[in-house]
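Chain naming follows the written order as A, B, C and D, and within any one chain the residues start at number 1.
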């Protein structure tokens, strides 16, 4: 199941697809990795305010050459910019925005998503690994809507969408929508529902790479 | 484009419903959003629970809201300042409810409500009548009472400058409860002395980031409670 | 016991006496009433930073005519000024300074002080009265050192320094020193100890007006 | 006259004792007080408990403090950033202790420590391994875990400008944990890029009021962690 030739959406396209679902005026936090790319794809006619938990509301894209400030970074510690109308604040105020339910949407990466919406994205549970959680547990507990961008399967080809997470949870029952390279999938009370397929990908192809039954759109 | 400006104080308070919990900024007259309060009186919502440090003075602003029998319950720390005539009278008659909260606990409960902290412990009020009926817990040898976060349906606050995103700065000690009330209310309504362009406020000095603000109305020359009280004004 | 002719210190002198005990560099909160006057009497060679709980560190005295701003007031809602090097902040941050033990000294008024250091200064317990507590309970629970400035007896001549408070408490065992019109008195494990008498006042005069035994210096 | 300036980074860290709890500002390199950390390495205090969001990178700054075996325990949210080599190695060998705290809970625990709140409830980590062994309480229908305030003996932080009272402002996202750490530490030691006169900082924009600051040392051209790491520097 290696993907040497591209099948479905690439990383940029996944980010662009996720951006389509963010409404005008939304306050959005983007996780590290592919989610960071979402900042580039605000659809025409909309304005979205990006929050980065290290203390900035109104985050812009990467700086142009010569405009870098090593003290203006995002949660992934990458150089960013601030829009006109941004605000800086300290970490406790920043997480008040998260924990207090003020952020509308968070787009995160995932190691596993359970069909009940459980998210595992911080630890494999391997006792030899260095545990590291960052802000993920705060985000899933506090943000109104949690979405995931992830490759549909792991590097080794194992499904990331599963009947029940085997890795330690980040949060229980928190994910509402998943963007993979193959499809857009909603978490519903009945389970994973495919709401859109990537170009050239069919339902069976996605089902084969998923750890539990999918519902067709 | 995001633009939280609205066109009138009437529009600002239009959705405040009977029975709503309304946080109102201000410590005495500093920070009191008089025009928004007067618009709320005109609008007519009643049976309100109001959160403010005080209960207003004279017969204008918050005192007028109370005098016009719109407030069923006050949550405050100090309901009897100089010139507070209305609340004491109604309270003595048993016609308004009071939840008395120490000022710092009030500020922290509001901040907790806005920060998603449902409850916290504090040493304030331990051993006093205001701790009666509250859970007391000993942590590392000292007693603390359990206090709950406070949220509201609406906040009415006043600021010095605002931009279209809702980023705010305040004037001196008029800041007081406004930033935490903006955090704790579902809908935060702001009257600003000045409306500025996005980017005019240095991102380092924004006291309330726009995420906590919903509606902005410019009131360039706000009334001053003390001036109205000294003139013997009665609203409406 | 009425005091038509002045005996002991007047209100200004009480404030000035209290100011003598505030060391250089102290962070100080002043209660409403006589304590507010302390701001005027910093001894030569010292610098003291005054905090007012409505959101100002670096409070100065009353403004000169023409310099008043109705939005620059103290906790007693009186017009004040801000020193060069002041800072404004919101109420939750302000009470973090208090509750978090960052203020060195608070000087408050009192209705009663018990010889165990109990303070009652917010309510007579009269069920017909309007209860009002303000920031007093936060201050006595959070500030490192609590001092009281008060007339030695009530308007009706009753002692305010008593063996046990009969009014509802503001805080238990919190007061360390009391400045009255007649004397400076410390709360000690053995009870009230007179450490200084006002000019022209003797120990017996103070004892007669106190609700429990005093210890001589 | 109050003047919290001191004359050297050596003097700044002189009193940090073996076994002390030290909060160190910074999120990655933004806000990391490299010169104070290096002075602490030179000073020699050991068996420290260090609070920081991360564990440093390369072989300089916080990573060097750990590599020089001065840190017995890290309290952090994310100990394995890119270029974090030192901590993972020692942790795998069982030679350093880790208390892993979700980032928002870490920030709130530090803020609570500074604000005199001994404990609070949060929904963060409920239902996960990080809630194991913690008290869970249902408040209005939702489960929350009890978390305790965090204080420290010392805080080492970096700012953009400081005055003699200790009023501070920061640069962009270098602010991060510094304001709450300044609140939570008994002794807060600041390295500032610029020292300014009292009154030069507008009272409306002070991010850390001087009451939370004890010592200030000017480091006009602070080292940058990324530059040192890219150059392969090793401290000392």
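Here is the rule we go by: a residue touches a chain if its C-beta (ideal position, glycine included) is under 8 Å from a C-beta of that chain, and two chains touch if they have at least 3 such contacts.
What you are looking at is a predicted structure, and each value in this text was computed from that prediction instead of being measured.
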Query raised in the report: From chain B, what is the lowest number of touch steps before chain D is reached?
Result: 1
Query raised in the report: So which has more C-beta pairs touching, A-B or B-C?
Result: B-C
Query raised in the report: What whole-Å value do you get for the distance between chain B and chain C if each is reduced to the mean of its CA atoms?
Result: 28
Report summary line: So, in whole Å, the Cα centroid of chain C is separated from that of chain D by 37
Query raised in the report: What is the distance, in whole Å, between the centres of chain A and chain C, each centre taken as the mean of its C-alpha atoms?
Result: 55
Query raised in the report: Can you list the residues of chain D that touch 2 or more other chains?
Result: 108, 111, 115-117, 122-123, 170, 172, 203-204, 207
Report summary line: For chain A, residue numbers touching 2 or more other chains are 56, 82, 88-89, 92, 95, 98-99, 142
**Report entry** Chain-chain contacts as defined at top
**Finding:** A-B, A-D, B-C, B-D, C-D
Query - chain D contact footprint on chain A (complex, rising order) - result: 52-56, 69-73, 77, 82, 88-92, 94-95, 98-99, 123, 128, 130-138, 141-142, 168-172
Query raised in the report: Contact residues on chain A for chain B in the complex?
Result: 24-25, 27, 47, 49, 51, 56-58, 82-89, 92, 95-103, 142
Query raised in the report: In their complex, what parts of chain D are in touch with chain C?
Result: 1-2, 111, 113-117, 163-165, 167, 183, 198-199, 201, 203-204, 206, 209-212
Requested in this report: Within their complex, state which residues of chain B touch chain C.
Outcome: 27-31, 53, 77-82, 87-88, 91-92, 98, 100-105, 107-108, 110-111, 122-130, 170-180, 207, 224, 226
Requested in this report: Would you pull the chain B residues touching chain D in the complex into a rising list?
Outcome: 108, 112, 115-123, 137, 139-140, 142, 144, 148, 169-170, 172, 202-205, 207
